Amino acid sequence: MIVHVGEMHLFRLPEGDDLLQALVAHCRGAGIEAAWVHAIGAVRAPVIGAYDFATGRYRRVALEGDWELLSLSGNVSLAEGHDGPFAHLHVLLGDHEGGVRGGHLFAAEVRVAEVGLLALRGGAPQRVPQANGLLLWPLAGEEGG
Amino acid sequence: MIVHVGEMHLFRLPEGDDLLQALVAHCRGAGIEAAWVHAIGAVRAPVIGAYDFATGRYRRVALEGDWELLSLSGNVSLAEGHDGPFAHLHVLLGDHEGGVRGGHLFAAEVRVAEVGLLALRGGAPQRVPQANGLLLWPLAGEEGG
Amino acid sequence: MIVHVGEMHLFRLPEGDDLLQALVAHCRGAGIEAAWVHAIGAVRAPVIGAYDFATGRYRRVALEGDWELLSLSGNVSLAEGHDGPFAHLHVLLGDHEGGVRGGHLFAAEVRVAEVGLLALRGGAPQRVPQANGLLLWPLAGEEGG
């Protein structure tokens, strides 16, 4: 889907907020249904995961303490049967010795989060449940009118 | 090189496609000669690498199984002696315990790939072979008219 | 803060430059006070770190040799008491076997750095010193007129 580049939102999320929920709330408040988002900062007690195609379920990993938020990359779009903006985000996290962990973001308490959210206008992809349980965008040829 | 921001392409690549080749094919089909691209998702059997400045060659690492695509960042531009868009992409990959590997992307089979590709218009950098064998953009002062 | 998307700067930094200083110098030269920036390439002898909220200081880790620059993500804005553009950047670095380290970027010698810098116009967040010593953007409700 080809969409228009709107404005850039540069903002810091409050300490203590959940990173994922706060990003979605920002989009909801700003009337954003599609975006590409990046962030850096630091988080506490992140819960990350990886989708296991063999079992059709996410494996979750809960990390303790503070982590640098080295990369957050992902998108905001719509999803069938879901009210409002839906965020899909992947993160890379750094410990205090330079070691790195990462995964699909389930939850993380904001320590510092500087966000660059590129609002996209003129349409939003809509996720559709797949046979394997994932909520995915239609492929190019499958998009509805 | 300063270029104009065009439209954003939000799309999912089909499972089984090669991630790198599919991104280039998308650009070719859409007439895109310059872009900055990000993606998240999951891949199978990725081949990554690192350039060894001592030997002037890439060392390749072939990974087995499924990996979360935690970050894909890179660019599309032109290259001397190369027909059409040329992609240079770096990836970070996550295992099922939160462990991370990463490198220059040579190949990876798409499991799920959600792409945010910012099309750039009004010019494209052109890579030129260097003494060390790398294909690089001209430096600021070296750009042709 | 909501800002306008300006032009995209696609450029390669010269080998031997300090990555952080060269990015700031580029912004200064181009009159850029706000940007979101990404880069890939390779660096030598990077110095990275993580902020330790317990001590209120950054722990620094100096790495030896060459590293792939797998991801550089961050922003350029202004800062109180600081002259000109201020960059806050996080990086992920890859070794020759696919291993990854990462942190807040303090310094790194450029081997190859391909930069995609999205210039933002119509305002720039201004960092303000916090009680914990960090220089942070105001929260949404704290922004001045």
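Residue numbering begins at 1 within each chain, and the chains themselves are lettered A, B and C in the order written.
The rule is simple: contacts are C-beta pairs under 8 Å (C-beta built on N, C-alpha and C of every residue); 3 or more make two chains touch, one makes a residue touch a chain.
These numbers come from a predicted model, not from an experiment.
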{"item": "When subunit B is superposed on subunit C by its C-alpha atoms, the rotation angle in degrees, nearest 5", "value": "120"}
{"item": "Same or different contact residues where subunit B meets its copy subunit A, judged by the half mark", "value": "different"}
{"item": "Chain centre separation (subunit A, subunit B; CA means) in Å", "value": "21"}
{"item": "Residues of subunit C engaged with two or more neighbouring chains", "value": "5, 38, 71, 73, 92, 100, 118"}
{"item": "Subunit C - residues contacting subunit B, complex", "value": "5-12, 14, 38, 40, 42, 66, 68-71, 73, 92, 94-100, 111-112, 114, 116, 118"}
{"item": "Residue numbers on subunit C that touch subunit A, as the complex places them", "value": "1-5, 34, 36, 38, 48, 50-53, 59, 61, 63, 71, 73-75, 77, 88-92, 100-104, 118, 120, 125, 134, 136-140"}
